[in-house]
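Structures given as structure tokens follow.
Common to both upcoming complexes is chain A, partnered first by chain B, then by chain C.
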Partner chain A sequence: MIQKILMKNEIGKFYIELAEDYNIFAPVNEKGSIVFKKILNSEDIVLDYFNSKVPPKEILFPKTEVLFNYTIDGKDIKIEDRDDLNEKNIIFGIRPCDAHGFMLLENFFGFGAVKDEIFLKKRKNTLLIGIGCNVPKSTCFCTSVEGHPFKKDDLDIFLVDLGEKFLLETINNNGESLVKKLTWLTDPKKGDIQQAKELSKKAEESFETKLDLSKIDKILDPNFNHPIWEEISEICIGCGTCSYLCPTCSCFDVIDETDQYNNRGRRIRIWDTCQSCLYTQHTSGHNPRGSCIERCRNRIMHKFSYYPENYNTLGCVGCGRCVQLCPVNNDLRTIINKINEIENKKEEKVVA
Partner chain B sequence: MPNPYIPVLTTVKSIASENKVNDIKTLELEFKNEKDYKSFDYIPGQFAEISLIGKGECPIGIASSPTEEGSIKFTIKKMGEVTSGFHNCEIGDVVGVRGPMGNGWPIEDMKGKNIVVVGGGFAFSTLRSLIIYILDEKHRKDYKDITVIYGNRDSGEVLYRDVLEEWKKRNDIKVVLTIDREEEGWNEKVGFVAPVVKEVAPLSENAIAVVCGPPIMIKTTIAVLEELNFKDEQILNSLEMRMKCGIGKCGRCNIGSKYVCTDGPVFSLAELKKMPNEY
Partner chain C sequence: MSLEAENQEIEDSMRNLARKLISEKEVDVVIGYSKGTIPMSVSPIMIKKVDDVDKLIWSNLCYVNLAKYLVPRIPQLIDPEKGNLKVGIVSKGCVGRALIHLAAENQINLENIKMIGIPCNGIINRKRIEKEIGEREILEVYTSGDQIVVKGKDFEEEFLYSEYINELCKKCKVKSPPIVNDYNESCIGDCQEIENIEEDFSDLDEFEAKSSKEKWDYIKETLETCTRCYACREACPMCYCNLCFVDQNKPVWFNKTTDLPDIIVFHLIRAMHLAGRCVACGACSSVCPMGIDLNLITRKLEKIVKERFNFTSGIDINSPPPMTSFSMKDNEEFMLEED
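Coming up: the complex of A and B.
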């Protein structure tokens, strides 16, 4: 592990040195919202932010993405593979929760006999430089889902915001070889490391939400047909915001886009959501998840029951986007508490 | 590893209309490259994502058997944009194929057993594959008695008449056909599939029943098979689901923690009973 100091007024230098070899993505302010964008001018980088509205998953798993291109000349059809997957990327300023989201996506896309090489290649060529959250949002709950505002494991380089400067720490060999190139970085003082420790503790203590997720998969499994799903889905309007903005949701639709002369086009994938009725509807009209109740249940079951079953870890990173941006305030934290109540109520009955 | 979304290219070798109303056709596809054909190593019950480049892609069960060498077949009902596109295909048109996908029928576990095949409507395609595979001279000795019960709404909907006729001529397979209502010139059974299964009463001992068809037929047939002492482990189903990728990534074909495209489409009734009723 290497520890260094990166002054905030040296971000420009940092950018210029790395932009030669990497596409650099970082938070910028776009029409009042924080978004991760490819940086063309280091002055656009925003360092004072909670988190982006849309998670940085869109850098490696964009809303629409080309799977391949094709040309059609009568019966002569040619398919061209993508040739841009080997570009090197740095995602600067990613939060620990979203970095953990990438880890879960990597798990998912790399699972099974046939893997999603498009995502995996890009992920392999991407370095994550994360910044710890000194001030978590009121909707954040990463500490309830095995996360932490200063969790470093899913990153290559970890930064702690010390005001005028960052304390920089390399997490693995990839991070280390990058930092070794930046010979101008100075060494930290003892006080810097101490300050970082205190900030971590303070951040952890500032969480307002603490959810009990220790038994959630065990509670969910036998309660697939519990009436609670009706209650949970009652106010849902099925807009899908929760899943589009989730750092671990990765469902997609596939369509062909052909130009007006019908001789050139591309097969693309587009973000999709299990909250949409058409997502599961068969051509025959039959729909295995035809009601909002079933669709809401699928989202919760997927993150807190199916995901743990398949990967032995929760499918939620506690970023709180679905809590903050749900238009009808169908709060995931309330939903989890309600599910925990199922068990408590049962125990009460047993006692009575 | 290559990009898993890129299909290999095939050309349409033959087109056969399968029913009187002409909304079901079987397309026979020939691989453009011998190498692609060799690596398309499939068993009965698997499916493929087939596409018209520029129109789109859809998952279709493989109707041919690997023993029918040189080409693969798909039976397609005209339903939406892509399947209508397939219906408009001419010989020589290019079709993209990704696959084979899914687990397929457990042909190894079925060895040494009596096989009962119950099909309804146009869900018969992967059953055609299975039966042709078992009847092949290389494999017939591995399996015991074969009973096929195949029901349709009317005589015009019966698929694969040529192979059905061949099977009827053989003495190592019992073929029972039925249609819902009586028709002039129909000399086979009349009535729904489930009561016909009851009448034929295949023995459950050392048997595997393979059931494919519309949901109501599956439900009623399973009830009859249970009456005939078939255990949940002895009853196999092949499920259909909306799918996009076929490799467990696009998300939509999940039933609980399982994906129909990679964990299925074939599940035993015992497995299905452990899964949520969301299919």
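Coming up: the complex of A and C.
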């Protein structure tokens, strides 16, 4: 592990040096919302922010992605190779929760025998430089889902915001070889390391939301048909806000667009959401998830029951985006508490 | 009267009416608003027991149009034996208008619906305030005097209420639900007799003064951050199609990508479908996670409909929406004559 100091006023220098070999993505302010964008001018980078509205998953798993273009010549179909997959990327300023989100996405895209080469290749060529959260939001709950505002292990390089400067720490070999090139970085003082430790502790203690997720998968499994789902989904209007802004939601739809006049076409993947009525619609017209009740249940089941079963970890990173932006304030934290209550009520009955 | 006193009065009378409706078994369920878990939000709630009536609240953040839960009826509002439950619905002016317009389009029957009419005093433009507060977390919001007070960990800011409500609310002429002649009984509480509305469209002056290119640029700039989560559509009480045109897949009618042309096609066609039907509740913009303001586009269409057909949606259950009816008197000067 290497520890260095990166002054905030040296971000420009940092950018210029790295931009030679990498596409740099970082948070910028776009029309009042923080979003991750490819940086063309280091002055656009915003360093004072909670988190981006749309998670940085969109850099490697965009809303709309052309998987390939093709041309048709008689009976010959020619698929054009994508040349962007080998480009090297750095995501600068990612929060620990979103970095953990990438780990969960890798589980999904790398699951089973048929792997998603496109996502995995891009992921392999991407370095994550994360910043710890000194001031988590009141809607954050990463500490309840095995996370931490200063969690480092999903990153290559970890930064702690010390005011005028960052304490920089390499987490693995990739991070180390990158930092070794930046010979101008100075060494930290003892006080800096101490300050970082204190900030981490303070951030951890500031969490207002503490959710009990220790038994949730065991409660969910036998309660698939519990009346609670009617209550949970009652006010849901069925939009895709929660899933589109979720750093771990990975569902997509694949469509072909053909331009028959010019003998060419493209295959595209776009984000899809289990909250949409079309998501599980069969060709026959039958829909096993016909109403909001089943769709809401699927979202919760997927994150807190199926995901732990398949990958042995929760499918939620506690970023709180769905909590902040649900149009009808159908708060995930309330939903989790309601689910926990199913078991508590049962226990009460047994005691009585 | 101060805003707090006004809101308190609305809340008290709303709770009393809801209590009466439930205890006298006039309705099975009351749909209203309850306190949200985050400061800039409220949460719709379905109340079935008298004991729960005090969960109902009224604040200037009640932006959801509750009529949405009736088209199509969510399964929770249908009893397997009794059929459609009788519903009481807390109705500000635009919720009332939505219900009346939906009845005019034969989507709901006002007979088993009771509007609990309230005189809405305007909904806070939460997206605008959130933008101005920027990267500071809002922890508390309330109205005081003529100000909206927004507090966070180490800041407190005031916003002039009359300025920071939705642009649509500033021009609203239907604060309470209109009384429907054939269904006098359907509205209790604060309702108003409305015949014809003199609309003030001066909020469109700035947009209309733009050149075609500037208008097009405005539309492109407004829509470009859309993620196509369809929160606008799902929050809109007038978007009740079983299958939206944009979801048609046998065959596919429109492309589904987030390329700008596809985004624009979705929003403009949706706006066209709302011409003469939009009830100006502003829910679409209030719920947009990306903070996109769709109101100007729908408002412009309302103006055109008003000018050409003298029609305002959601006032009269018996006058069919102009885009769904044909009259020999309709202007047709845009038709090209044969050579």
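Heads up, the rule we're going with is that the second predicted complex is superposed on the first by the 345 of 352 C-alpha atoms of A that agree within 3 Å, B and C clash if a C-alpha of one lies under 4 Å from a C-alpha of the other, contacts with A are read in each partner's own complex, and residues count from 1 in each chain.
Here is the rule we go by: a residue touches a chain if its C-beta (ideal position, glycine included) is under 8 Å from a C-beta of that chain, and two chains touch if they have at least 3 such contacts.
Predicted model only: the values in this text are computed from it and were never measured.
Trainee: Based on the superposed arrangement around chain A, label chain B with chain C as either clash or fit.
Mentor: Aligned through their shared chain, the two binders fit side by side on chain A.
Trainee: Pick one for A:82: touches chain B only (first), chain C only (second), both, or neither.
Mentor: first
Trainee: Could you tell me if A:274 is touching chain B, chain C, both of them or neither one (first, second, both, neither)?
Mentor: Touch status of A:274: first partner only.
Trainee: If we overlay the two complexes on their shared chain A, which of chain B and chain C does A:258 touch? Say first, second, both or neither.
Mentor: In the superposition, A:258 contacts chain B only.
Trainee: Give one of first, second, both or neither to describe whether A:293 is in contact with chain B, with chain C, with both, or with none.
Mentor: Touch partner of A:293: chain C, not chain B.
Trainee: After superposing on chain A, what angle in degrees do the C-alpha centres of chain B and chain C form at the C-alpha centre of chain A, to the nearest 10?
Mentor: 90
Trainee: Now for A:64: first (chain B), second (chain C), both, or neither, which partner does it touch?
Mentor: Only chain C is touched by A:64; chain B is not.
Trainee: If you stack the two complexes on chain A, which partner ends up touching A:282: first (chain B), second (chain C), both, or neither?
Mentor: first
Trainee: Just chain B (first), just chain C (second), both, or neither: which does A:325 touch?
Mentor: A:325 sits against chain C, while chain B stays out of touch.
Trainee: Please work out whether A:250 is in contact with chain B alone, chain C alone, both, or neither, and reply first, second, both or neither.
Mentor: Only chain B; A:250 stays clear of chain C.
Trainee: How many Å separate the nearest C-alpha atoms of chain B and chain C in the overlaid structures?
Mentor: Nearest C-alpha pair, chain B versus chain C: 5 Å apart.
Trainee: Hey, what residues of chain A end up touching chain B and chain C alike?
Mentor: Common to the two interfaces on chain A: residues 253, 255.
Trainee: Spell out the part of chain A that touches chain B in their complex, as residue ranges.
Mentor: So the residues of chain A in touch with chain B come to 67-68, 70, 72, 75-77, 79, 81-82, 108-109, 111-118, 224, 250-256, 258, 262, 265, 267, 269, 272, 274, 279-284, 286, 288-289, 294, 298, 301-302, 305-307, 309-310.
Trainee: Would you pull the chain A residues touching chain C in the complex into a rising list?
Mentor: Against chain C, chain A makes touches at 30-35, 46, 48-50, 53-54, 63-64, 135, 137-139, 230, 234-235, 237-241, 244-245, 253, 255, 257, 268, 270-271, 273, 276-278, 291-293, 323-331, 333-334.
Trainee: Considering only the defined contacts, which chain C positions touch chain A in the complex?
Mentor: 36-38, 41-46, 64, 68-69, 74-76, 130-131, 134-135, 137, 139, 153, 225, 227-231, 233-235, 243, 247, 249, 252, 255-259, 286-287, 289-291
Trainee: Where on chain B does chain A make contact in their complex?
Mentor: 1-7, 9, 11, 51, 53-57, 79-80, 83, 92-94, 96, 215, 240-242, 244-245, 247-252, 254-257, 262, 276, 278-279
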